[in-house]
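Same chain, two partners: chain A is paired with chain B first, then with chain C.
The block that comes next holds the complex of A and B.
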């Protein structure tokens, strides 16, 4: 029997390293679209049930040409951005308070847990009564949808800041204010930004619901109208717009993460 | 005993069922998609009075809650027939070749209140008294491309105002339209008679006119899947015959007028109330039927030219594909004597 201490051990530390293949997502998208287009061309997908990608592109092109595309995107972005900012500011503030103060936590957590699962779409008629059918009810729908997940993510992000960092800061004699701004805030940032990824997606989902009532412009209103008119190519075009918007926001958040989390 | 002698049980069952097995004619199973409204009454009447059975049709009525769904069910072959109002979505579906219009349902007819223009209390007090003055007003409608949208379009054409100058507020449903008007968030809306009268009696709205006083048009139709029209013509003919009997009963009961031009709701109407109570939602009373029973051609004849006009209007608004042609989705051969047939 050989001495186990002397057997050479191969290097096992490879793999499990996060990285990206830049070409992979493009190839996957191209492949899916190619399959879809050829299925339509071969007549396997009747255009009544699913239009070809080329028809969707035509619909998008037509929208771009008559200038409605920018109007729709502009109207929706205004609602999404203002709703998201309102919801996020309120959510991060409350989440922070809940993470730091015991009283805020013991009151806030059950209240948030009780209100989070309420479908905001079901409250739409109520929002109309409170805010009318103009912009406020649409912004409120998005803000409320964004608020709750933000509270939860901000709260748990603050909660997860390593205690030893806070203790160390205390032993260096930093003031509470300094600890909050120099230790807890940066420490909670990764969690908060991860929460933003979820809340921006929720804002995009809710814009369709928000524009159900009294909106004649906006991507959500456009998608709904296309559905009502059975213009399936335009419906898909609207959905593609929403998902492009989602990709853009995700890219923006990645850039923000790089900047904000440089200390890592 | 039957447990111990299974063969005896079978014999017994066959003996009991034999007359039924021999006498039952093979009936064709047919499905229709419809809304639970009074405008579907001829179908309900024909089913309950056995007119479909007499034509050898075993009819299954599938109830939906939106005109759109009714048309989609037929386009996807989940139903053979459908009966509902025209919408932009209907024309787009028909343009794909999935549907054929075969007979008429509701239409706006002089002297029959059906759909009303309703002004909010505030707009009325500020001088909004006539449907000619819709320009510059905000109006709640269900959706873009709905019949309410088209109603406004016809008014705009007739009274030469720009449809763009009307601020249309799509709010998805009739209850939402009523809420928006009652809450003063819009100046006006367009509502079926019973909803309009309810708003007026609540004091939250004022009826400023009825659609039949300004524009006449074909609202609804009976249609069939293109497949069944192509493959089972005799069945469609039998179906239309039964439907026409239902229409005739409906007209006799609910559309008769006395010498002063007032609607007479008498014995025949009362006799049909159980049928309506069984099928129509929300459950109607004789009073709601009096105001909500809309005009339908007693023989199911279409205002054909109006359908062409509707399609052209939707196409001009960019709501329906330009390639759709009315002649491709209307089959005039099932009902005799259609009106205003374009040459």
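The block that comes next holds the complex of A and C.
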């Protein structure tokens, strides 16, 4: 009997592998800006409504030199930080209580579910009536906007801590307080930090909205004023600032995650 | 310390899982608990360890707690139950931190059990950096760090591959030879039961009742000797014949759940 013909095995497992190219996003940004700049210089984009990136950069530089930039950023940051801290502390606390205690869960879950969908900016007029047009009404709006997603994420994070770890801790005689601080809190940290990503974005949206409704300073107020005066280069500069602020917050959270969750 | 179970019953709602279970695990003895899937083995272990509230019958310990014992009834879990954010030493420390030990004694205990379990070089490693066998060694080290009076082992080797299981069985035999801790060992693996236990408690299918208690008449450290292999195989076959028919029925029942 003759040998059967040998058929080489061909590779057919290419593709569908998740991965990233570090240079790709930089190249994409550079291309977008280059196209935008070229389109402006060629007169394809009317500079009155869509100024070139170079004009936006000039506007940003001018704002930085005359000190207005820092005033507006400072005002917005103050509101974001105060509102976010207040909302986060309250949200994490209630989320933990709901995750740990049956009664708190039974009461809290339907109440939070009912109030969560309300667009919080709609409550700003009410807060202005309660707290006045000054800072407290804006901080309260941001705090409330941050509070609800934080409650939900903290509650889910606590709820997702593996039960076997809690049982293990009970089997070694750890008290409830110790279980909360040594098992549940670190176990819930990934979920809580993921929730912070959502809540910081909400805080950024709400600060702009609140500043557009009633403020003299802040990036939101600046963008609105620039729009009213048809200073589109300044308007886009404000939007770029917001984008940079969002990226900075996101980077800070990434660093925090790397430090706190280095065990993952 | 002895563990005495008298007429123990348990039900999850309307579903009875244990009924009239009575037996004793003697001082320094290892009792394996076997039975078909869903017969209540792990439920019984959780009842003995106080992780489930007793519903019927009586479970008690008898005898004095050994010197230095911090947690008389101590579990070793099937899924290791290690805190992923703590190092190996940190996981062992979790069992000790809430006891009024001095820092020196706590560190001495940790060093001692890590050495006993072959983990000294991995003290600072995180669980994710370890193999399944090494993770379970951490679980065992954590358990013996509290010098337990009774070890409650819930299928401790079932998540491991066959070779690692063999290695860990040898480790367990060495540890027991040194510590002489009373042990209740839940397993579905008959070979493991015959290899490690002084007696094997066979439960029927749900609701679990004692079907038979079989003694293994060969010292644990001599069971690898060729002259005993025939007898141990005979015991293995006897145990299998006791649970085979019920395991088949339980298997079909499980598919309908």
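Structural remarks
We take it that the second predicted complex is superposed on the first by the 240 of 264 C-alpha atoms of A that agree within 3 Å, B and C clash if a C-alpha of one lies under 4 Å from a C-alpha of the other, contacts with A are read in each partner's own complex, and residues count from 1 in each chain.
Methods note: contacts are C-beta pairs under 8 Å (C-beta built on N, C-alpha and C of every residue); 3 or more make two chains touch, one makes a residue touch a chain.
Quick caveat, the model's predicted, so the values are computed rather than measured.
Within the superposed three-chain model, A:229 lies in touch with chain B and out of touch with chain C [touch as defined at top]. Of the two partner chains, neither chain B nor chain C is touched by A:7. In the superposition on chain A, A:221 contacts chain B only, with no contact to chain C. In the superposition on chain A, A:20 makes contact with neither chain B nor chain C.
Listing the residues of chain C that touch chain A in their complex gives 49-51, 70-71, 73-75, 77, 79, 81, 83-86, 94-95, 97-98, 126, 128, 142, 146.
Put simply, chain A touches chain C in their complex at residues 164-165, 167-175, 178, 182-183, 186-187, 261, 263-264.
On chain B, the positions that touch chain A within their shared complex are 68, 71-72, 75-76, 87-90, 92-93, 96, 98, 140, 143-146, 167-172, 176, 179-180, 183, 185-186, 319-321. Residues 47-49, 125, 128-129, 132-134, 212-216, 221, 224-225, 228-231 of chain A are the ones touching chain B in the complex.
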